[in-house]
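Should a chain be cited, it is by its letter among A, B, C and D, assigned in written order, with residues numbered from 1 in that chain.
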Amino acid sequence: MPGNSFGSLFRITTFGESHGAAIGCIVDGCPAGLDFDLDFIQRELDRRRPGQSAIVTQRKESDTVQVLSGVFEGKTTGTPVAFLIPNEDQRSRDYDHLATAFRPSHADYTWQAKYGHRDYRGGGRSSARETAARVAAGALAKLLLKTQGIEIQAYVSQVGHLELKRNYSELDLSLTENNDIRCPDPAMAEKMIRFIKKVRKAGDTIGGVITGVVRGYPPGLGEPVFDKLHADLGKAMLSINAAKGFEYGSGFEGVKMLGSEHNDLFRVEGGGLKVEGLAPSTLHPPPSTVTNFSGGIQGGISNGMDIYFRVAFKPVATIMRDQESVNASGEPVTVKGKGRHDPCVVPRAVPIVEAMAALVLADHFLRHRVSNLETFQP
Amino acid sequence: MPGNSFGSLFRITTFGESHGAAIGCIVDGCPAGLDFDLDFIQRELDRRRPGQSAIVTQRKESDTVQVLSGVFEGKTTGTPVAFLIPNEDQRSRDYDHLATAFRPSHADYTWQAKYGHRDYRGGGRSSARETAARVAAGALAKLLLKTQGIEIQAYVSQVGHLELKRNYSELDLSLTENNDIRCPDPAMAEKMIRFIKKVRKAGDTIGGVITGVVRGYPPGLGEPVFDKLHADLGKAMLSINAAKGFEYGSGFEGVKMLGSEHNDLFRVEGGGLKVEGLAPSTLHPPPSTVTNFSGGIQGGISNGMDIYFRVAFKPVATIMRDQESVNASGEPVTVKGKGRHDPCVVPRAVPIVEAMAALVLADHFLRHRVSNLETFQP
Amino acid sequence: MPGNSFGSLFRITTFGESHGAAIGCIVDGCPAGLDFDLDFIQRELDRRRPGQSAIVTQRKESDTVQVLSGVFEGKTTGTPVAFLIPNEDQRSRDYDHLATAFRPSHADYTWQAKYGHRDYRGGGRSSARETAARVAAGALAKLLLKTQGIEIQAYVSQVGHLELKRNYSELDLSLTENNDIRCPDPAMAEKMIRFIKKVRKAGDTIGGVITGVVRGYPPGLGEPVFDKLHADLGKAMLSINAAKGFEYGSGFEGVKMLGSEHNDLFRVEGGGLKVEGLAPSTLHPPPSTVTNFSGGIQGGISNGMDIYFRVAFKPVATIMRDQESVNASGEPVTVKGKGRHDPCVVPRAVPIVEAMAALVLADHFLRHRVSNLETFQP
Amino acid sequence: MPGNSFGSLFRITTFGESHGAAIGCIVDGCPAGLDFDLDFIQRELDRRRPGQSAIVTQRKESDTVQVLSGVFEGKTTGTPVAFLIPNEDQRSRDYDHLATAFRPSHADYTWQAKYGHRDYRGGGRSSARETAARVAAGALAKLLLKTQGIEIQAYVSQVGHLELKRNYSELDLSLTENNDIRCPDPAMAEKMIRFIKKVRKAGDTIGGVITGVVRGYPPGLGEPVFDKLHADLGKAMLSINAAKGFEYGSGFEGVKMLGSEHNDLFRVEGGGLKVEGLAPSTLHPPPSTVTNFSGGIQGGISNGMDIYFRVAFKPVATIMRDQESVNASGEPVTVKGKGRHDPCVVPRAVPIVEAMAALVLADHFLRHRVSNLETFQP
């Protein structure tokens, strides 16, 4: 099965290469009757856009999105929503030297091995430019989730060795978009930005971590066994360019804990949780636990607490230094350090993480609607 | 879409509850003509079986697998292979107290919220017993991969704070199965076992990490964009009960590295790599890189180097202590610490990790066969 | 993608060969909370069972179904329902002569061409025995549809040249099960039975047509474009062994009509139909048309009128005569006329047609639940 | 699952409304390395284009296709091929009267019932304009099939009561495109055209039948059980606007035949067929049968003989007469006969039938590549 689609009921299929005519996607499965806010979608794209600050790539792309179908009189119609984003700045000649040479830790060699024939201009389809389509689709998913009171926020929690020690609940996430790095701690943001500038000046790149937080996701969503909510979130995040790891709740740190420390005890309050035979959406008040090492997900299904997770990103492979490599004939070549690139992916990856989370959460929101006969309308 | 299937071309669908009549699965998409080694499959199940050592649950299950279809005269026929594993030790009464009470950090509450009606006996389908079906299917996938010279090995690399510092290439993985904890370092294995026994004696549980290694996977496998090889591996691992995190190659540590340190330089040796227009399987010799921070995967596609990854598992939620909780009516209850369980999941999870990896790798092996017209037979 | 699954949200995967240990299936996606009526399911299987009358095959199979999972305390749990039907009468030696010879108009040659290795006993998986699993799953789908007041009935409308001229609305379908051929017109039933007996006596076989009727299917179900309700019904019917054609509504006869004759005019009665912004289930009274050449489906979506369709079945390929053929080495051979078989498939295919219709209708019933935001619960 | 995708390995997802900005599709799964012939694709679109002759709709659309991705230096790259066809002639005001009125036998009412909100301009997405995207994708599939020597041809075999009695093998199909109706019998073509003109003059419409023929499809393709080759062809054809029936091989006529008449005997010639353990592509010479009532498919798998089938199309619902109907409030209204439309769909549906057949055949060609381990490269 081709790998350019994601999701089962809220389903996105993307297309496009870095230096082709356009990139875009089709969203199939967005329910009819959703208020379509194009301005919001464009704003989400603007958050991912190149050239938005001094610490990101200076490629010139307005990333202006066009909507070709699926919307009528301001509302979705239930038919496929097609998004088109023309490529504007296609300095393809920059990449002629890559027609045969394989850049280290890029996808050049692996694509050549797979397909035998590839669009090498700017990495072709392996370029992170593809993620703009995801952001557009994710923005539509966010609009759907908002109708249910579900909010997603991501932020940069680590750049290189600079790690924000406080967890999400100790931070004011409304500050995230106030700085170029998208870290809600202003002092740490400042440090991170300075560090990235220094790394860039040295012609180098650096990795980072993004933390994602979901609030208001009702209990009972997610599928047991293979399509556990966190498994789908994990796949979504790992499908983003440069991602190397994913953890949710207690994550890798949790392995050091005892069960008696790690178990999240239920809390009875405000009349308690009453769930027998009821649809998730009728649970009042939402259940709660004293701690939340589970990260809002138990047995692959949401429990109504905040969902939180972390995604690791490696340093960008394009560096401004010459590197020894090989070409398709197996001969040694020198890959020159040139082309426009990000010194660190995380500031621009924040909206991508949110978009991918939104796609997963919207999909499972829809999937849940067929799970329980008692919740069907009479 | 229901969530009990995994894979696209090599596809498994599992069924069964912890205390129902049986568990099992259908494998659809195994090619015809594969030598079917039932003994091997049973041996893989034996590695996951309860009661195999002093540090795992003492539930009595022989986990004897039956093959109902898809095999004729010792070979697969291309039709669905159905595996059936009867449940033998169904002490359901042990679980009567759980009919309404929600155990902390179990899936009791979330299943109730989702379905309104659940088989609470032993956790029903949320029990890790379901993974026996995956191991049977994964063993079949391993048989397919072996025909291509692909080998998968997993081992325990951490239990609680006890972490094996050497990486897989510095260890003799053939020693893994020599001890009850499945750690290839005998001295560390001894420490881990002692620690688990101590934890169990205290009625408690502990988490751990499993490292997986794949050797011989040819370059060019995996799909770009959403179904990246590592994204599918990540989802596979995160779908295993108690999994909290996944990383591959440099993982979370890689975020601290500079691009110039992290990039894996190609090495020209033995005539070098020649790939233009060739099928992966004809690449001689396989390409190689000086370092392997990429973990054998670049841009979501294998590069021929070893693939390695780590999976974090939380401490088991069932502990031998009383815990305060609530029931489905929102009333406070005490959940007693009883029932049979594992003090630490990792020793039994090793074959599960391998099985899930095998399913992903077999699937992408098949998926690749339709990618490149030049590799089609004349 | 392997081809042993059907449906997207109500999804069935079958397994098993004619002379293997068992056949069966997994139903994934049946909502939780459905009353599980095993007696009903067994009765449906009895309608398909061999040996039920003088005009069907005399193979001895009780087709007793076992339920291995997915049901607890008389209700579905939302987890996979696994059905198992052991094979009892496996006279495999009857088929040794078919190990290499290809029976004319059977699937022997094509399976050999596809897989190179096949279970030839009784046709292996190409045997219509596989459809027993469909009937079990279809019976579960019927139980779901019944909760919504949806009923499916099929009957034999043609055997050879003997064609029932009256359409379904002119017949008393409650008489269908009163005779061995399952034709609601007793006089015609008698003729058909006599004809089949005569054909069988001559060692021959004959084709037939089954008509299916669905009542109570609410308007608005089915997906436009590729998964039109009638397109999915057509595929379902054509996937039944020996099916050669499908038509719905006016079908092939409709091509001779003028648009002005064929158009189904809407009828305003009892207050008329009010649909703006409403969920299908709230439409009171259901809409109606003066004629129903549309067959209850317009633009691939149900309109609330009766759905009806016809399925053509060829004569069974197994005949009691010697036939010249070839073997796998290309040498001429004589295929002897032996083995147990049906002289005409249609009486036993009636429950299969109903089962496949039920699977499609249940699937689209669930699929519709995510189409329209206005129908979502607040 | 949303219904705007078709195929599993060669997979198309379409978007667009009749009077929106554009229609188009993404083809995911076209193998890399295929020579991309844009002229051929455009010519296929020209065959479906409105305004091409006096007997089709006079809407002005050049249907000029743009390729946005997936092609580089004249070859496919294995990444999604996105086709875009801008809508040029959008006389939306023509349709204002349809904002609330439901046209008889159109999809107006059913879409309203399903979605509550719809783009009524020109039928929105229920318009046959959507099929232009299918023709573009189908043309790409044809290019793939041509590399394997597989050819598809469709023609009009019936208009109203005017039926071509000779079957495809008695006709010179190269004459099909010589006349406006696309009937390979020039005399019958003339009659059909005269008849359609007469019907149109009367403000009416008429149905028809298209016959499709596939030559050179190798034996062994198609999946048994649910995804039988003819079942997928049937679904494909029934998903085309106005289709009412599908039959292949002997079809509905075959039900009147005896098994001894209907069975296709194998013919041994030129050394005969040798298939044991061999890949389909190595079969020399291709197998053959004396008759071909099977229509080239046995047990859902191709047998190497010609595949042929017939598709019934109803008369177009738009007629140039006033019709009584109802509106969304249940009030009686008169629907005026206006708008541009086809008096008979079949001439323009010929390339659509071919395109849908090509999509099915390309998909099963790819699917077969993972069926049989013995055919895998060493």
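Rule of thumb we're sticking to: a contact is a pair of C-beta atoms (placed from the backbone, for glycine too) under 8 Å apart; a residue touches a chain by one contact, two chains touch by 3 or more.
Note that the coordinates shown come from a computational prediction; the quantities given were computed from them, not determined experimentally.
Undergrad: Using the touch definition from the top, what's the fewest steps needed to get from chain B to chain D?
TA: Step count on the best path from chain B to chain D: 1.
Undergrad: What's the chain with its C-alpha centre farthest out from chain B?
TA: D
Undergrad: Between the options A-C, C-D or A-D, which interface matches B-D on more than half of its contact pairs by residue number?
TA: Checked against B-D: the matching pair is A-C.
Undergrad: Name the chain pair with more contacting C-beta pairs, choosing from B-C and A-B.
TA: It is A-B, judged by the count of C-beta pairs in contact.
Undergrad: Could you grab the centroid distance between chain B and chain C? Build each centroid from C-alpha atoms only and quote it in angstrom.
TA: The computed centroid separation for chain B versus chain C comes out at 38 Å.
Undergrad: What whole-number Å value describes the gap between the mean CA coordinates of chain A and chain B?
TA: 25
Undergrad: At which residue positions does chain C touch at least two other chains?
TA: In chain C, the residues touching two or more other chains are 1-2, 4-5, 8-9, 14, 29, 32-33, 76, 78-79, 114-117, 125, 224, 277, 279, 371-372, 374-375.
Undergrad: Write out the stretch or stretches of chain D touching chain A in their complex.
TA: Per the touch definition, chain D meets chain A at residues 1-5, 8-9, 11, 13-17, 20-24, 26, 28-29, 32-33, 66-70, 72-73, 75-82, 84, 114-119, 124-125.
Undergrad: Any idea which chain A residues touch chain B in the complex?
TA: Residues 1-6, 8-9, 14, 102, 104-107, 109-117, 125-126, 130, 158-161, 199, 203-209, 219-228, 230-232, 234-236, 238-239, 241, 244-252, 254-266, 268, 271-280, 283, 287, 289, 293-295, 297-304, 312-319, 321, 323-326, 328-332, 367-368, 371-372, 374-375.
Undergrad: Would you mind writing out the residues of chain C in touch with chain A in their complex?
TA: It is residues 1, 9, 29, 31-34, 76, 78-79, 144, 147, 224, 277, 279, 281, 366, 369-378 of chain C that touch chain A.
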